[in-house]
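Order of writing sets the labels: A, B, C and D. Residues in every chain begin at 1.
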Amino acid sequence: MGIRVAVAGASGYAGGELLRLIAGHPELDLVAATAHSQAGVPLSTVHPQLTGLDLMLSATDPAALADADLVFLALPHGQSAALAAQLPAGVKVVDLGADHRLNDADAWVRYYGGEHAGAWTYGLPELPGQRGAIAIANKVAATGCYAVSTILALAPLIAAGAVSPDDVVVVAASGTSGAGKAPKVHLLGSEVMGDLSPYKVGAHQHVPEIKQATGARSMSFTPVLAPMPRGILATVTARPAGNVDPRQVLAEAYADAPFVHVLPQGAWPHTAATLGSNACHLQATVDIDSGRVIVTSAIDNLGKGAAGQAVQCANLMLGLPETAGLSTFGMAP
Amino acid sequence: MGIRVAVAGASGYAGGELLRLIAGHPELDLVAATAHSQAGVPLSTVHPQLTGLDLMLSATDPAALADADLVFLALPHGQSAALAAQLPAGVKVVDLGADHRLNDADAWVRYYGGEHAGAWTYGLPELPGQRGAIAIANKVAATGCYAVSTILALAPLIAAGAVSPDDVVVVAASGTSGAGKAPKVHLLGSEVMGDLSPYKVGAHQHVPEIKQATGARSMSFTPVLAPMPRGILATVTARPAGNVDPRQVLAEAYADAPFVHVLPQGAWPHTAATLGSNACHLQATVDIDSGRVIVTSAIDNLGKGAAGQAVQCANLMLGLPETAGLSTFGMAP
Amino acid sequence: MGIRVAVAGASGYAGGELLRLIAGHPELDLVAATAHSQAGVPLSTVHPQLTGLDLMLSATDPAALADADLVFLALPHGQSAALAAQLPAGVKVVDLGADHRLNDADAWVRYYGGEHAGAWTYGLPELPGQRGAIAIANKVAATGCYAVSTILALAPLIAAGAVSPDDVVVVAASGTSGAGKAPKVHLLGSEVMGDLSPYKVGAHQHVPEIKQATGARSMSFTPVLAPMPRGILATVTARPAGNVDPRQVLAEAYADAPFVHVLPQGAWPHTAATLGSNACHLQATVDIDSGRVIVTSAIDNLGKGAAGQAVQCANLMLGLPETAGLSTFGMAP
Amino acid sequence: MGIRVAVAGASGYAGGELLRLIAGHPELDLVAATAHSQAGVPLSTVHPQLTGLDLMLSATDPAALADADLVFLALPHGQSAALAAQLPAGVKVVDLGADHRLNDADAWVRYYGGEHAGAWTYGLPELPGQRGAIAIANKVAATGCYAVSTILALAPLIAAGAVSPDDVVVVAASGTSGAGKAPKVHLLGSEVMGDLSPYKVGAHQHVPEIKQATGARSMSFTPVLAPMPRGILATVTARPAGNVDPRQVLAEAYADAPFVHVLPQGAWPHTAATLGSNACHLQATVDIDSGRVIVTSAIDNLGKGAAGQAVQCANLMLGLPETAGLSTFGMAP
């Protein structure tokens, strides 16, 4: 008998990917999968890719989850804090939502609205000291998808003094699963195939999270919706602050990180190379014309950007090997 | 130390997927990966999704492979027979190519040209008696991608007398990876995205293989190139030969097959639900207007259609659990 | 001052394409565009591709349309008959919906339900005698998208006695715009990209329409949703009834049809080659194994399958050149 | 009899789009279409979307072109200068290639290599004074695709003093047709679908052209290959230099430009909305966190980015209405 885990919000895309990872995990046993609006529906109706996993979705109430050793919350922001508050104190929780990511209550109110639920341990093991902090934490707030891709590209450079924390510019394009599964006209296949479009320009809610984790002081952030189901490519540029090779800084920072790969010189990240995995691929250079440092970063928004990262945190919290049940190899083509 | 395996033809799409599956397999150790034209190139240059797998591609010569317990051949037709003939007799071989699939030398010559290399044990464990035959075989010819999707839909129905073996009609659409990795104008992204087009209409080389495995006597087969990297959806129609429920026949035939799922009534297969897995999803009905039996079948052409199936055969040949290192869950969305 | 036309149901995909064609038409002036749920919204908000066309959507009531010389109805089935009944008798109408396509009231009830509104002149000018019938008609029922692609492939062969009207088998794949613009989970980009799936297998409502127009007596029809915004590829197979070259029959049938092209031998249709145009591309062969005749047909479901065809009918009804405002050239890649 | 035009390099994507536009142009008659490697091949074999345009491709030699009033050159860089030098002086030429765009011979050598052919009138009518210059020019160098999208977003802001010409940051994603039609592995559909990847980071050859046209002094430019056939979305950010509304500056700059639309506030550009058209859609805002001005710009890389723009220039050079044969409406979905 393995460690008992449950997933709240199992009908969405992050929830489905969590279930897939848990099903393939050597130590985790799924004891409940809840979905408010789909209670009583067979899992494979909602997630045909999990056909063969005989399980009924149940209602999202605390009683259904209290029995687990660890609960993953994959709920819209605002809902995970409410649910987490009703779980027994001893239950470990990894929250894939935004509710517990920000230290700054004002930033929370400005970007999300409503009351701030307080901050939990930030679930990005690749940040300095964070692997240990997660390992002893009872509650962990997993990082947002755009935030993962940007922070992994930027944090070591600011920490090393290689770039200025002022005037960072990020353009990050995401596959459509990042926008969720609620049916909306602008997310229809007919609308997104063949299309690129920016949204929430200069006003995305992941900005305070990225600044908190990297120390960036000002940042322009433009998200773009891309015609593919999964994947984030972030292009992060910053003004150099010293005379160091940014690629070398990244390579050293992630020398021991099992999921972050700084690519060989001349190779640039492909989101497709990370699909289904927990990998992040990075490359950096200095622009010959402007002198700006340019880092590009590729992840699977549902992998390292959501479910993979959550399992990675759970592994640490449960004393398992960090890589248990996770792959660093993507499914391509 | 696990079982030693090698992959010849590792630079193509089936080869890359084989390497991914072997890397995640609990019992197999990769000892060589060869690629004629890319010898000396790091694997991750050719397959960025395998970044982190430190390995150099080597030349495809028998000496590089002779040391393995089992060799996977993922080579163009005509080449695998030549290479297999040079391997020590004791080396087990799974050939993903077409060279050893057909019993009928005339059919070989008509569809492939050149000399017929003779038939090996046909590598589709779901055919009656075939699981056992593969388990004791030393050389196995894995099934073609279109053939897998069609045979699994059709064979039990003909065997049960539920449909006529005459006048079967198949239309099967495949993702572009089925057409290989050689750069050709008609396979460019600019050409295939947003496009559906038939090819080799009425003349596809998988027809004799399907007839051999199913007992179909005449079959019209139209392949279609679809704007997606992976997946095959086959629509197989045949005239009913009795008064039986085709869905029920399929459900009984595959009751014990771990990778073949007959979907609940009302659900139809999605290729996306099988991506990265070794699953085949089936559904059947009787057309209300024509009385024809219609079966649709979805697989990942690189999974159950190629690399997954090859690993499934290897598992059987090596005395491992049939499902070792394989998943029945797809990566979606 | 040109001929005054109006579009009811202008917010959907067929409506948007109609507006684009009307905007580029040398003789037509748009006087109203109505959309029930979007009345008062600027057109470019609903259709950003029509930015620059300064127009407000109005409510779909007869008064808004009565002033036009010709009204295009692009409404859900059941709604166009109700609206048409309220228009002045002298207003010409092209109905893109299904309400007036079927002669057989029983077939209507079986496939659509509700009361049958009666049949109008069938809007497929390429059928024998139909060009003239449309030219003198006051009300025309435009052909369904799947029906266009299938009828153009099949009708001349049955008429010439080249194939049997029994046991026709059709598999037709459509881009997602054919499923409309209402937001539904299964039409989300995340769901459809990378996926092929059948639906309404053996039960599609275009079957009676195709039988009516072609004389087919029994037909198996399987529609497939394809990962692209536009385009239909129909594969139509039938048993040969004589010893004639099917390609030659088609070439003769369409020798004078400006929008239907039988491709040179060896070339097969690409849906991408028809995008944005009113063209239909056809190719035919005889299967070497089964002897079946196979015809494949490519159209733009919003072009020849909907808006283009409707404008073609309108041109005939208004005494304009059949090709006015329409292109036979697709937008590719 | 209209104005006689010819296209050299008709087999590529820009060449195909030119032919489509010329076929629909009210004043232009195509007298020759040349393609080095495809001489003697029917046009519709190379461009199936132009089926019905009966024309044979001819060899690219000056004699085949000398007879035209205006020649479009759609050739790889380095080839158009050589060919142009052999045409009679009286023949007007629009060069879609890079050979004659740069004033600065050093920049040419650095980014393109080889000898600099000298600069022609720069073919972007929306730049101040350029409409008139093109109208009297005999030879025009059309703007590069990335350059169009970036210059239209940036030039008015620098000219108005609204942003600093230093430290401009651009991330621009393009559909695959921008990478041409030569068959290369990294451009295969299997590779590009589902993938985003940067390339030529900080070293793209359009940088000097953009700086020349906008007055930008330093610019970081990151191009990204996007999984769609057509379209460019450029995100251009710059430091504000005054207290002006960037959207207002753009709206005023393009008040009389028929193809450039500054979208209503709250609407952001979609590349899909420009497909097949000569439109450019712009939107601008000021980032709340960093204060940077962010402008996003969408075009069809083969439309306003290549063939559409070339026809627009030709219209001006020939004394035709600027919009003749061009549409501002895109084909969507």
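Definition applied: a contact is a pair of C-beta atoms (placed from the backbone, for glycine too) under 8 Å apart; a residue touches a chain by one contact, two chains touch by 3 or more.
Note that the structure is a prediction, hence the values are computed from the model and not measured.
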Query raised in the report: Which other chains touch subunit C while also touching subunit D?
Result: A, B
Requested in this report: Determine whether subunit A and subunit B, two copies of the same sequence, contact each other through the same residue numbers or different ones, counting it as same when over half of the numbers at the interface appear on both sides.
Outcome: same
Report summary line: Chain centres computed over CA atoms; the one at greatest distance from subunit A is chain C
**Report entry** Whole-Å separation of chain centres (CA-atom averages), subunit A against subunit C
**Finding:** 44
Report task. Find the geometric centre of each of subunit A and subunit D from their Cα atoms only, then give the gap between the two centres in Å, rounded to an integer. Result -> 37
Report summary line: Among all residues of subunit C, those touching at least two other chains are 13, 175-177, 190-191, 193-194, 227-230, 270, 272-273, 275, 332-333
Report summary line: Touching subunit B in the complex, subunit D uses residues 13, 175-177, 179, 181, 183-185, 187-194, 227-229
Query raised in the report: Which subunit C residues qualify as touching subunit D in the complex?
Result: 13, 16, 20, 23-24, 42, 44-45, 47-53, 176-177, 193-194, 229-230, 261, 263-264, 267, 270, 272-277, 279, 281, 327-333
Requested in this report: Provide the residue numbers of subunit C that touch subunit B in the complex, in ascending order.
Outcome: 167-169, 171, 173, 175, 190-191, 193-199, 201-203, 207, 211, 218-222, 224, 226-231, 233, 235, 237, 239, 268-273, 275, 283, 285-292, 294, 296, 298, 332-333
